[in-house]
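Paired with subunit B in one complex and with subunit C in the other, subunit A is shared by the two complexes that follow.
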Partner chain A sequence: MGHPHIEKLDPKTHTMTLSLDIGLYPADVLYAAAYVFLDRAYVLLDRAGPRFEVHLRGKGELTEAQLTAMSGEFENELLAQALRRKVIKANQKIIEDITSQAIAGAAGGTLPTDFLAAGDDGMDFLDDPLGIAVPWEDKFKKKKDA
Partner chain B sequence: MSHATHQTVKLHRTLYMQQAVKDAATTFADFAAFTIKRDGDYYAVDIKDIDPDVDGDVVAEFCNFALANTAGRKKSKKA
Partner chain C sequence: MTATTLQTKSQKHDLLPKGKQVDLTTISSPGRWKPEFAVPFNQRQLGKKILISNDMGDWDLLTQDEFRDFIEGKPQPGEALYEKLKARNFIAKEINVAAQAERWRRKKQYLFYGPTLHAFVLTHRCNHGCQYCHSSIVGMDRTDTDMSIETAERAVDLVFQTTSPGITIEFQGGEPTANWEVLQHIVEYARQKNALANKALSFALVTNLSLMDDEKMEYLLDRKVQICTSLDGPEDLHNKIRIFKDGNSHANLLHWMKKINARYGELGLDTNLYRVEALPTITKPSLHRWKEIVDTYVEAGCKAVFLRKLDPFGFAARTAKTLGYSMDEFLEFYAHAVDYIIELNRNGTQVMERHASIMLNKILADQEPNYLDLRTPGGACIGQLGYAPDGGVYSSDEGRFVAAMGDEMFKIGTVDDTYHQLMTNAQTRAMVMSGLNDAQPDCVSCVYKPWCGQQVEYNYKTQGSLHGHMRDSVWCKKHKSIFDYLMYKLENADEKDMAMFRRWTTNRQLEHFLQERAPL
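Entry: the complex of A and B
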């Protein structure tokens, strides 16, 4: 069987076991889906030949209907995580570009393109139009003489 | 809730990272004694001297932590 199916369901112990095809659900997707359930269930992963087994036990008391619903939610989460993974993979380059631009902008860093935009003002590095390099003694002397 | 003071949990080695299991054992070291061994395709974790006064299932919580640690480590390894 391709899709996940309930191997075992026991309302007395609030447990159930789901079986998933390894070929359809990569381990990353399984981890991500299992992680979402950690706050409301005890999760144990196992492998049985070409299938993953997911043992879930509710942290609280669960009826048969609630256990069945939880298995459906787990399957939905698997699909959501698989899709999320696919979208991230397809847009990896765009995500990286946007992130690096955002970080550069937040850091106030200078981009190489900023230098291209600035025009040449024809000044030498020794030019000192604001008189910054003039020693204060010289400035003071000039004022005193005048 | 389980009240046994000694249990063995088997965690499949392709699904749980050794360091993640060790970290989980360290987290729960105040509530039980953990021994991790390799047993074929599994890590067999012997959990002894489980504190009977703990309000909760130490073994099941330990398994959740081992899984969460593994998922976190795999994710950061990929990034």
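Entry: the complex of A and C
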């Protein structure tokens, strides 16, 4: 199955459960997509065998149509996050160079040591809820490990 | 391109022609492509021509045949097409790397220093009840929402730690003149600090002018504080949106604009350059009144109009029904208004639209005006900072608006933090990376990438993440559509129109507003 499946949808409790193949999207893509819904829903991520489960409970009332639309939005968000991850990987060098220059330029030419060591501080996705800094952290981790 | 090639079926499309990405396979079969011939470029079909651009900001409009020859690597030295492409840095083997690196460095100056714009919210108090204003605004008796002298001094201390050689301190509110004592204190304190720091320091005041009096005006003139205000258009429209119980907001505003402009003249300043800057916010009732809005600005002696769309921050949700509109409606309004501005210029009235001017500056003059919303990475944290009355430091003014709606996402610290901490923390880093066009799926293949930019606060507010997704972003739609509109205008411009567009790119420094530099 190429897209999330609606396992459960209940307008009465304004809840919905989506499931998707674990192999399809990396976990950080799932976290980043889920994060986008935090202002509208309580989100719980879980695993059920070979599938990820996403439990969404609307913060306000949600009709069946709204819940269905939300599942479509979730699908699109997963795709957008996955594509962004690819773009970041492809452009990693230029992104790193510009970001380093911008921060170093603003901060006064020197970066704090913890900036460069950021990938080695045992952070997991909860420390980077936006899922944005992951490739960046990866890069510095690699450098450090090399 | 002749006008006929631009004709489309509907009147709406004539007004705002839209480009589209070219499917290269319809032009040439992939086996014939010679990617090594060209530097990396992006493309977009505009009418019958194809716009190409590269990352350095060079561009050209090619015919379909020229474009086919280009991607097939056919042009030969000495041929007109080859020489044109060479001059515009599209031929890989002809690139002068050192010259292009220098050019990149010139245009990316802002990567080499920190925030230039520092927005100080002096108070949340205001005597107006503007319908689109932000929810943190309180009544005039709530002096507890004023910035204190101590907080102001700490904030100024932070400002002076920026690595930027230039600093603009902008006074905002609420109505910042309601906290006049602190405003004056900041001006004096910053001037004192600058005697040592020796930066290009300037001040700007964003005011509704309702609390202005002669004494305040003379102080502001004496201290060279630039004055900016909000003028939403003709009297009935302005007063309907910008509600002022104590009088006629529009009449008062025009009275002070006139008086201050006259004083600039008396001080020997060029009044074409030195004027009260006014900005309209476009609301639903404005949409069909583009002509009257432009006329109001021309009659008030303004040389520029900045047609600003209602932002997604603040009261917008509450007043969406009465004030809100779609991006398509805004773009139609925009095209009508700018068409009219162009017409006025053709008839001898010199006035320009600011979005157009900023974009043309990049496209025609190869300049980087450092407009924070149209640069990459965007201006959040590293281009600007916002300071709340309680000492909170935000990524920008917009970041503070998000906070006023109960979400502290863009608070990067307080005035008690060190500047270094603010610039290097994880939030700042995430905002810088998210505000990069090179990290955006649509932007990386967009022909407007060299001139466009991101505002992470806008992405967050409208799409839930700092980076958003440009495919269905109204931010992207607005900029792409305005770029399309301008490109069509450039393609169809005669000599006079080109002279006008070039005039819009002329950046005359407002030297008078720079504080005297201390002799070293």
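Heads up, the rule we're going with is that the second predicted complex is superposed on the first by the 99 of 146 C-alpha atoms of A that agree within 3 Å, B and C clash if a C-alpha of one lies under 4 Å from a C-alpha of the other, contacts with A are read in each partner's own complex, and residues count from 1 in each chain.
In this section, contacts are C-beta pairs under 8 Å (C-beta built on N, C-alpha and C of every residue); 3 or more make two chains touch, one makes a residue touch a chain.
The model shown is predicted, which means the values in this text are computed figures rather than measured ones.
When the two complexes are overlaid on their common chain A, residue A:32 makes contact with subunit B and with subunit C alike. Between subunit B and subunit C, it is C that contacts the larger number of residues in subunit A.
Applying the stated contact rule after C-alpha superposition, one finds that A:44 touches subunit B and leaves subunit C untouched. Of the two partner chains placed around the shared chain by superposition, neither subunit B nor subunit C is touched by A:10. When the two complexes are overlaid on their common chain A, residue A:64 makes contact with neither subunit B nor subunit C. The interface of subunit A with subunit B overlaps its interface with subunit C at residues 32, 35, 38. Taken in their complex, subunit A has these residues touching subunit C: 32, 35-39, 76-77, 80, 83-84, 86-88, 90-91, 94-95, 98-99, 101-103, 105-109, 111-112, 115, 118, 128, 130, 132-133, 136.
Note for the complex: subunit C touches subunit A at residues 110-115, 162-163, 376-377, 381-382, 419-420, 423-424, 426, 428-430, 432-434, 436, 438-441, 444, 463-467, 469, 471-472.
The part of subunit A that touches subunit B in the complex is made up of residues 27-28, 31-32, 34-35, 38, 42-47, 52, 57. Subunit B meets subunit A in the complex at residues 9-12, 14-16, 41, 57, 60-61, 63-64, 67-68, 70-71, 74-75, 78.
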